[in-house]
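Got some structures for you, see below.
In what follows, chain A forms one complex with chain B and a second complex with chain C.
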Partner chain A sequence: MSLTQINPLTDDQRDALQELTNIAMGQAGSSLAMLLDAFVDLSVPRIRVVEVVELPATLADLVGKNILVSAVRQSFQGYLRGEAIIIFGEPGSHALADLMGYEGDLGESSQAELLLDVANILSGACLGGMMEQIRNFTETHGPADLSFSMPSIMARDVPAAQIIDPKKVQWTHSLLLEVNFTIKDRNFVAHLTMLMPEDGIEKIRGIVDEFIAAI
Partner chain B sequence: MSLPILVVDDSAMARKMLIKSLPPEWDVSIAQAANGIEAMAAYREGKAAVMFLDLNMPEMDGYQVLEALRQEDMNSMVIVVSADIQPIAQERVMAMGAIAFVKKPISFDALNEILKQYGVI
Partner chain C sequence: MSEGASPPNLAENVLKRIDVGIFVLNKNFEVRLWNNFMAHHSGRPSEEMLGKNIFDAFPELPKPWFTKKVNTVIMLNNFAFISWENRPYLFRFAHNRPITGGADHMYQNCMLMPVNNESGKPESVCVVMFDATDTAIATNMLKDALDTLGEISNRDGLTGIYNRRYLETRLESEFDRTRRHGGTFSMILFDLDFFKKVNDTYGHLAGDKVLVEVARRISDQLRSSDVVGRYGGEEFALILPETPIEGACIFGDRLREMIELEPVIYDNMTIPVTVSMGATEYSADLASYEKLILQSDVALYASKAGGRNRLTCYAPELEAIAVSGAKH
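Right after this comes the complex of A and B.
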């Protein structure tokens, strides 16, 4: 149990954030479709406010318990701060080389390179899409820019519950946005989760309230 | 008599934005649905001479609504309103009988252009 109390998002706030995420994900999906030359099915965004200790179980719940995954992390800061974690289902990470038109068996380092590239495209397009919308209706939270760290591999072929070690996270609570991109006939799934700490939750709350008021 | 139109989106906020983007002088009675199942029920009650249809929804999505409409009499002008901007998504819904595709975030001008083009305003 943590001492910090975080108010959950109201239904309206959740709904507005879901729609912002939905629009942003459309742009990310389109970038991925172009890169892989395939039709990408988009999910309905899922939004949760969780305690950090619950993150492993939550990720397992969102991604699936009985599969091995690989994950790439990329932190962002500026107008919003947090971590984008891109999780690839095991068959998907191996199908990537094939989707990108590589022939034969790729070495581990080239495979990792592919995961980093795709992760970078998804998080960049999705967060970029969110920022673009935010810029359209808000001016009061300072310049709406983000900078990204280099993406790095955080896990290879592990159960989703093992991607994050809560002991290494300095936050108590996290806002978690999850969207996923599926290429049905290729067995490819990538989950994009965006995690933001306590102050980020309040910032997002302010943004969506402004969005709601602007409609 | 005002024209019955149906706004289908799982997000209340998105429905509100769409309704706000409609031409103010357009004489319509507006019904709303939060998923495909509600949309089909409203359609069968004659509330959807024009339907603004989102694609990504829980329960029953926009593609399934188009499919269901096709199996009934498709007595509705369906304008798909979606954040999915892949060209293939657009081709698919047009092939399934939608008359137009408008991308989110919705623009007043784009929506009006389409409504004019189809002579509904």
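Right after this comes the complex of A and C.
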């Protein structure tokens, strides 16, 4: 593991990134609502840079210590490179089966597929929303486009602190984008976090500085 | 054409001939592109497919789910994926390993990508399909091998019933499950009486035969949810899910009697065998599953102290006997 030091975001940078993400998540929320034909509530995102070693405890605080969660990982590359981790609370994605076009009783593999499908649209909507915002004010860092790899399940029914083993993570920092998705009248909660290599976090810092200059 | 520039139909040719399935659907699910891979595997040439609704052409496609999937890509301008691990195939195609395969269809991984019009809005979806049959077969073989290994690692080498490690894991999960969802279960710990004497009198091979025979007779009597394992040398344990102590005692006593009534025959020797049993039931006030083992051990000790070849149900009063008595 490298010992790269990352400076935390300054207050101004965090505020600006917060602003940028607020708009992006607003958009993500409305596309999800349109897609699922249900009222999707996205919390105001909280953003911070977290050292990977602190991640298990942070996730446990975020999600709750006494519940079992499932998690899906998905890598993205292009404008930014990293891994999105989508964590589902105890009710999981079951509550969305009908909205996602699943019919009848879900067997083991359909449950897994549903989990992956839901994770894929959550990460796609959030990251896609961010790219769209970035495209609106800068082209300095190249075209803001991402491609995604196939998502995979990293954990089923484990305590949140066990999702990530920091010893196995190559990168030292994570940009923790704390968004809670809830869907009206459905027992559904999910959280999103992103792991990025250090240069990715520095790139975001550059983008944010440009955003500050533009407003 | 300038030196080094691609000929105009290069991309088209590659797309057509690549050994990967590529097809494009518009918002109305009409086929806009259908490459050779798709044509050859489906037996439907591109000329036949172009303009055709995909659900009309393939009525067996899971419509609501696939519709949602394609809509996701268009509405979110996002990628979507289908993995053979969850859904073996999108289209049922024959695969290219009829002899070495062990599968009767092609496993497929698919990636769905938005295709944008000039103004950057997604208006159709390109599906890229990879033949994942080789990976699937290798993964399934690996999984089978791991399952076998896992099964072996849970078994006692001599008797073939579960080993102590597995018993404890099961006991713990049964304990947690019952604590979480309610209900009850019982466990019985039992021990062959004077087993050392069997070994000394008839030899160790005879002793082994007795262990194997007892394990077999008990296994034959179990319900599918019951678990029997060898806990230690001549000590066995039974986990009886959904069974209150009364039922466990009746069942345990039947097993005890069955073993007593039929001596084990080995090498023309008739070896009488009896067992002592200790039974106990789950209770919400127990701190952990280990406590359950301790309780059945106390009951087992009482059976030994009481003259062997019997079953005792745990009661708190028995603790005193166990503490005052010598180690059995």
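Here is the rule we go by: the second predicted complex is superposed on the first by the 201 of 215 C-alpha atoms of A that agree within 3 Å, B and C clash if a C-alpha of one lies under 4 Å from a C-alpha of the other, contacts with A are read in each partner's own complex, and residues count from 1 in each chain.
FYI, contacts are C-beta pairs under 8 Å (C-beta built on N, C-alpha and C of every residue); 3 or more make two chains touch, one makes a residue touch a chain.
Quick caveat: nothing in here was measured; it's all calculated off a predicted structure.
Asks: Per the contact definition in the header, classify A:Q162: touching chain B only (first), chain C only (second), both, or neither.
Replies: A:Q162: touches no partner chain.
Asks: Does chain B (first) or chain C (second) touch A:G124, or do both, or does neither?
Replies: It touches chain C, and chain B stays clear.
Asks: Check whether A:S75 is in contact with chain B, with chain C, with both or with neither, and answer first, second, both or neither.
Replies: A:S75 sits against neither chain B nor chain C.
Asks: For A:T172, using the defined touch cut-off, is the partner it touches chain B, chain C, both, or neither? Pick first, second, both or neither.
Replies: After superposition on chain A, A:T172 lies in contact with neither partner.
Asks: A:L42 contacts which: chain B (first), chain C (second), both, neither?
Replies: first
Asks: Who does A:S109 touch here: chain B (first), chain C (second), both, or neither?
Replies: A:S109 contacts chain C only, not chain B.
Asks: Touching chain B in the complex: which residues of chain A?
Replies: Interface residues on the chain A side: 12, 15-16, 18-19, 22-27, 29-30, 33, 39-40, 42-44, 133, 136, 211-212, 215.
Asks: In their complex, what parts of chain C are in touch with chain A?
Replies: Going through chain C, the ones touching chain A are 64-69, 71-72, 75-83, 85-87, 109, 111.
Asks: Give the list of chain B residues in touch with chain A in this complex.
Replies: It comes out as residues 10-14, 16-17, 20, 56-58, 82-86, 88-89, 103-105.
Asks: Contact residues on chain A for chain C in the complex?
Replies: 31-32, 34-35, 100-103, 109-110, 112-113, 116-117, 120-121, 124-125, 128, 147-148, 150-152
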